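Mind looking over this structure? Questions follow.
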Amino acid sequence: MSEDGTAIAADGTDTTFPRLLAGHARVRPARTAIREKDLGIWLAWTWSQVADEVRAIAGGLATLGFERGRTVAIIGDNRPRLYWTMAAVQALGGVAVPLYQDAIADEMLYVLGDAEIEIAVVEDQEQVDKLLELLPNYPALRAIVFDDPRGMRNYREPQLLAFDELVKRGRAYLEAHPGFHEAEVAKGRPDDTAVMLYTSGTTGKPKGVCQTHASLIAAARGDVGFDGFGPDDEVLSYLPMAWVGDHLFSYAQALVAGFCVNCPESSETVMTDLREIGPTYYFAPPRVFENVLTQVMIRMEDAAPIKQRLFRWSMAVAKRVGAKLLDGRASDVGFADRVRYFVGDLLIYGPLRNVLGMSRIRVAYTGGAAIGPDLFDFYRSIGINLKQLYGQTETAVYVCKQPSGQVKLDTVGKPLPGVQIRIADSGEVQVRSPGMLKEYFRRPDATAESITPDGWFMTGDAGFFDDDGHLKIIDRAKDVGRLVDGTLFAPQYIENKLKFFPHIKEAVAFGDGRAQCCAFVNIDLGSVGNWAERRGIAYSGYADLAQKPQVIALVRECIEQVNRDLAADPHLAGSQIRRFLVLHKELDADDGELTRTRKVRRGFIADKYGVLVEALYSDATHREIETQVTFEDGRKGVLRADVPIIDAAVAPSVHAPLKAA
Amino acid sequence: MTEHAHNPGRRIGDTLLSVDNISLAFGGVKALTDISFDVRAHEIRAIIGPNGAGKSSMLNCINGVYRPQQGSITFDGQRFDRMDPHRAARMGIARTFQNIALFKGMSVLDNMMTGRNLKMRTPLLLQALYVGPNRREEIEHRRKVEHIIDFLQIESVRKTPVGRLPYGVQKRVELGRALAAEPRLLLLDEPMAGMNLEEKQDMCRFILDVNDEFGTTIVLIEHDMGVVMDISDRVVVLDYGRKIGDGTPDEVRGNQAVIDAYLGVAH
Amino acid sequence: MLYRESGQFKTTYAADQQLFPIVQDRVAILALLAVAAVGVPLVATDYWFTAILIPFLVFSLAALGLNILTGYAGQLSLGTAAFMAVGAIAAYNFQLRIPGIPILVSFVLGGVSAAMVGVLFGLPSLRIKGFYLAVATLAAQFFVPWLVVKVGWFSNYSASGVITAQPVVIAGVAFDTPVRKYLLVLAIVAVLALAAKNLVRSRIGRAWMAVRDMDVAASVIGIRIMRTKLIAFAVSSFYCGVAGALYAFAYLGSVEPDGFNLDLSFRILFMIIIGGVGSIMGSFLGAAFITLLPTFLDVVLTDGAIALGLNLPSGMTSMAQLVVFGALIIFFLIVEPLGLARLWQIGKEKLRLWPFPH
Amino acid sequence: MHFFLEVLIGGLLAGVMYSLVALGFVLIYKASGVFNFAQGAMVFFAALTYVGLLEKTGLPPWIVFALTLGVMVLLGIAIERVVLRPLVNQPQITLFMATIGLAFFIEGLAQIIWGTDVRRLDLGLQDEPIESVLTRFDIMVSKFDLVAAAAAGVLVAVLAVFFNVTRIGRALRAVADDHQAALAVGIPLKQIWAIVWSVAGFVALVAGLLWGARNGVQFALTFVALKALPVLILGGFESVLGAIVGGLIIGASEKLAEVYLGPLIGGGIEGWFAYVLALLFLLVRPEGLFGERHIDRV
């Protein structure tokens, strides 16, 4: 971090975002604060320009009669003016409420009502239309400010106001009220709520997570210090503004570190814009990294054979030594391998990072879901410092991060400075973090459910610390069970491990309250089908393929690999998979076996295939079953099969078994 | 498309274009016979009719690609017995073609910049120098064109050669090229031909938005009756080169001659 | 692969529309120019200058001229050599008849004269297209050399119209050695190539391509087809004219009008077909190819014959040249109608997308 | 007046020879839309092959003629296969440029095979005045020219019959009208092209023999094709009749100009006169005398 960054960060603990902004405008007025690709080029605003715009917007909001403590909804893609509106709202002591731009009307209506929104600042006609549609049901919405005037010429609703007009009025207001802005900013207190982020709980209505200036700034400051971000860094803001991740990366951390935020031109151009900007700091959920990797693999399949061979050779070298070199363990790598890696970097990794727009990345993060080993290895081996982090909206994503050089696939890293973590008896991870929420907005019940009386936030995740002090998250706490001998049983952890094999599409693990762990497996028809074709194994369909001895052997290898992984972990060694079967049909959301978001419904499956579960826990080597199925056209039918039940080898644990305390 | 698109705020003005007694023949084959109609400023005027009714020929007469043997065209108060394409363009008439007529060796951006040809002034020698006035002019027009790119939402393809684009996007680019000329009258020859439903909806919205945002008067030929009835203010119906109907969509729908023509009754 | 474009973003249209928007390209072209201007003179022999480099540059310029007309504006011409002849003879006469006129001004006026003749023979393009026009340009090809031979005034009444170029002196410096002539030609060609590149990315260039690609649509946009074509003839002929002047003054020294024959026109046409129609770069690639090919064939055939112990009849090389040229033209038209420039471009795209396939 | 007539008749007879070459162009253009710049090279190739075979084999002329014809047919088929077929549906201008390449190829090939020497070709005809005409009208008409013109005339007539009466001829005309439609009704386009190129080879052979006998078999024969181009512009690319009339006009006017105009401006005008004439004509009537006018449909 540069001295400038330190100067701002060390501004004292009692700061707010508007004060941080004023600080940047003072310290580095001419430096670029934000860019937006618009009309084909990257328009840039300096810190002093941003501060000026924010002042004008705040003035405009004042003309709308906006009062301290009130909320403003912000809806749209990542646009500079929407970020500025957040700062303006906060300057006036208000609370910014970013909403998901693709939310359907009902959800939006709920949040508007819950947050008592009176003013909404939105991107364009699409959002205006959505809000106008809600107007009859939500008459309290008295002002809708729209950024893009396109298509808005003939709208006559009195609530509507063009952004330019807002700014114009704001400037006039500021002229009439000199010192207004500064006075308002001065009134702000660090423990004011800065922003409310709605979490879409899996059950029940969304809850507004109130985060204060102090907590967000503390979290952001911790992050910035952890990885050493400064004004020279660049990020691309392309994730929804309503998501805590984007709020932290594109707003809180940017204001703390003073780095530059880049807004892409449109959602279709994100990849091109990423390449043009070449950010130094990048965050994406695992699925984005996964999509990119898939694209890479698909495109490489079209490459000439020579290039493919070169690619495979390079990737093999990278897999062997890339991560070690990245972690600064060059001494572990022989000279020959270092030369090979250098050649690979020249020919493949470097260009690949470049075409992906990742060549300048110093630090990349992912989190929020389990990440597959191949995926993780791929990015790290080609020299992208991809790390995992752990956190929630409620903790401002400030709990654990993997320190550079200490990256392990299946942990989420070490507790960040100022974070305290304890593992409850239930196995639940509980946190005390500087980034902790103030409360759920007007939901004392929910607040009480999530924060223990002694002030720990209950994450709902089960996990434990490994020998190196890294936190390992294994499952949702409510899903974690115990085998009869008391061994920890984390079904989702096991299932994820299985699902990371390309041949396995779905897996369902059983074991809670039973003597041992067993599993159902769905093979991936595409992947295994290919595999079978290459070996000349003929099959007529899924059910047939699933029963082929070669396929079962293939699945067994996967299971035994997972068992070896589990054996390496003292907490989980006892929950190795003893017996398994390959299901004769694909689990299907239409049959109620999966949720619409493709999560397995373990209980439902256990009931439906009770006979098979029972067979797993008997000595049977196969079991006949009839199953109701729904065909694609909606017809129902009955599927009969004789499913083999297979024993899997168990790996010896490298640790003495740990029993529950 | 919301109801706002057809907000009463639209201001239909006086006659902008009037076609009087146009007759056109190709070597003895009559393509148009004594056609007259008018187009008012800011309105969307549709020309419909069965295949071979002379619709495209009509557009070609309006902007001077064809020279009619009889009749006259009055645009913006000036009467012409024969229009020529250059004068038409200069007076603010732009058009698109039934079969996409893009410059396929050029990028989207260059195609649209070509649309601004008439607005550019730098002499040849300065173009060879590029720096100075020419660069300023190129940049000024690039900015204008970028607004249209933004308007038509084709940012992601601006530097792609048009030949590589899918059909629907090419149609959009062609509209963009016409818009780049900032026309007062826009002639669209089957802008939605060969499109899927979603593309059609997009195109409809663009046409309405153009009409709405820029006040551009639009004459369009379209086969999709639903579209025509939805977006046009008035409709001319041609059949075998003769005008058989003219009026609002509702009037035309009720017109017996039109019904006969569409049902294929012998005439 | 060599292109590392990530992080090269443009904040102004000026930056986005510059000649070489990619840093690596800018570096490469500057390096190339530096090598051509400084490196080559240090190592090349006189033979290289007179037999290869100077003709290569002169032909590049002529090909550039033809490419403007044929590649960009879509008007096929078989009269390139005639326009070169006009340029050479006009430059010679300006030097001869206006005492003290700077030689560069003569070159420019030679180009201007060629442009005027070009427009004259381009007039039929207003009414005819395609190979009708090509045949019409043949008229220029036959008429101009005849006129020069018949009207002795043009060649200052020398025998059979041969003109002997005056010495080239600019600001007191005599460009009389091969290396100096090379540098002079290099400078002129570089400047004119830059100007051509600027033209084709400006309004007139777009108008040319519009007329080439879809003339009805172009006219509907308001492009004056006739004027656009005539400007193409004028600019093209200007380039050919200057090339002709350099051909006489820097390459051969003395030329006879019959040297500017149909064969030369065809050779330049081949340069753009093989190099790439509608590409500035292609003009250079094609010129290099066609200039080097005879030398290459000569070496291969002669050495090959010696190696095989064959006794080749005289003239075999030139016959083989015809066959190879003809076959190459057909090959390129079938396999890669956009020529070497397209291959170059594909190669560049591949490098930009590497390791992904194109 | 006698002199004028003499020049005129000489010009007209020479014009028939132009027509003969132009005919080759028209045939190919009608059938495949290709402006075959290589026609001149084919004339040269045919003549050279005939003379070459005659020298090498010593066989009777009619057998050599048949052999040469065979070679020309093979050449025609090869051109269709190697050049035309891959370029189908390309712009005409591309095809035109391809035939320029073809011309180079054939010229080079002919000389590699048969050498570069100028050869004499004796058809047993003397280029001398016909005495009866000379005595009765006092006009010099070359015997050779007359026979050559007659041969050309017969050939034109035969071809006209061939294309108007035979099935191939009808197919050819269908192809000329509309390639796609012809394909649709099952006309084998590729065969038609091969036949037409073969016939063009035959015409080239006849032209090559006549021109070769008159001027010697040498590289300059290829320039005969360049003479034919103005004929085509004048007559129209698609008209057999146009080729004939155009040839006559060009032949006559060129001779007249050479004789009457030439001395005034220094002579040697035959190199370009036909072109300038054609060019002026183009400005008046771009589609040629008998060409068809096309309307651009948009």
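So that you can tell them apart, the chains are marked A, B, C and D in the order they are listed, and the count of residues begins at 1 in each.
Operating definition for what follows: a residue touches a chain if its C-beta (ideal position, glycine included) is under 8 Å from a C-beta of that chain, and two chains touch if they have at least 3 such contacts.
Values in this document were obtained by computation on a predicted structure and should not be read as measured data.
Colleague: By mean C-alpha coordinates, which chain is most distant from chain A?
Modeller: Farthest by centroid: D.
Colleague: Comparing A-B against B-C, which pair counts more contacting C-beta pairs?
Modeller: Ranking B-C and A-B by C-beta contacts puts B-C first.
Colleague: I'd like the Å distance between the centres of chain A and chain D, where a centre is the mean of that chain's Cα atoms.
Modeller: Between these chains, centre-to-centre, one finds 78 Å.
Colleague: In whole angstrom, how far does the Cα centroid of chain A sit from the Cα centroid of chain B?
Modeller: 48
Colleague: Please work out the Cα centroid separation of chain B and chain C, and write it as a whole number of Å.
Modeller: For chain B versus chain C, the centre distance works out to 41 Å.
Colleague: In chain B, which residues are in touch with two or more of the other chains?
Modeller: Each of 65, 97, 101, 142-143 in chain B touches at least two other chains.
Colleague: Which chain A residues touch at least two other chains?
Modeller: In chain A, residues 40 touch at least two other chains, as defined above.
Colleague: Could you say which residues in chain D touch two or more other chains, in rising order?
Modeller: Where chain D meets two or more other chains at a single residue, that happens at 298.
Colleague: Which of the residues in chain A come into contact with chain C in the complex?
Modeller: These residues of chain A touch chain C: 35, 40-44, 275-278, 296, 299-300, 302-304, 307, 310-311, 347-348, 350-355, 357-360.
Colleague: So in the complex, the part of chain C that touches chain A is made up of which residues?
Modeller: Answer in residue numbers: 1, 3-13, 15-16, 352-357.
Colleague: Of all residues in chain D, which touch chain C in the complex?
Modeller: So the residues of chain D touching chain C come out as 35, 82-83, 86-87, 90, 92-94, 96-98, 100-109, 111-112, 115-116, 226, 229-230, 232-233, 265-269, 271-272, 275-276, 278-279, 282-283, 286, 296, 298.
Colleague: So in the complex, the part of chain C that touches chain B is made up of which residues?
Modeller: 13-14, 16-17, 19, 195-196, 198-199, 201-207, 209-210, 212-214, 216-224, 231, 235, 278
Colleague: Give every residue of chain B touching chain C within the complex, in rising order.
Modeller: 63, 65, 85-86, 88-90, 94-95, 97, 101-106, 110, 113-115, 117-118, 120, 122, 124, 127-130, 134-135, 137-139, 142-143, 177, 181
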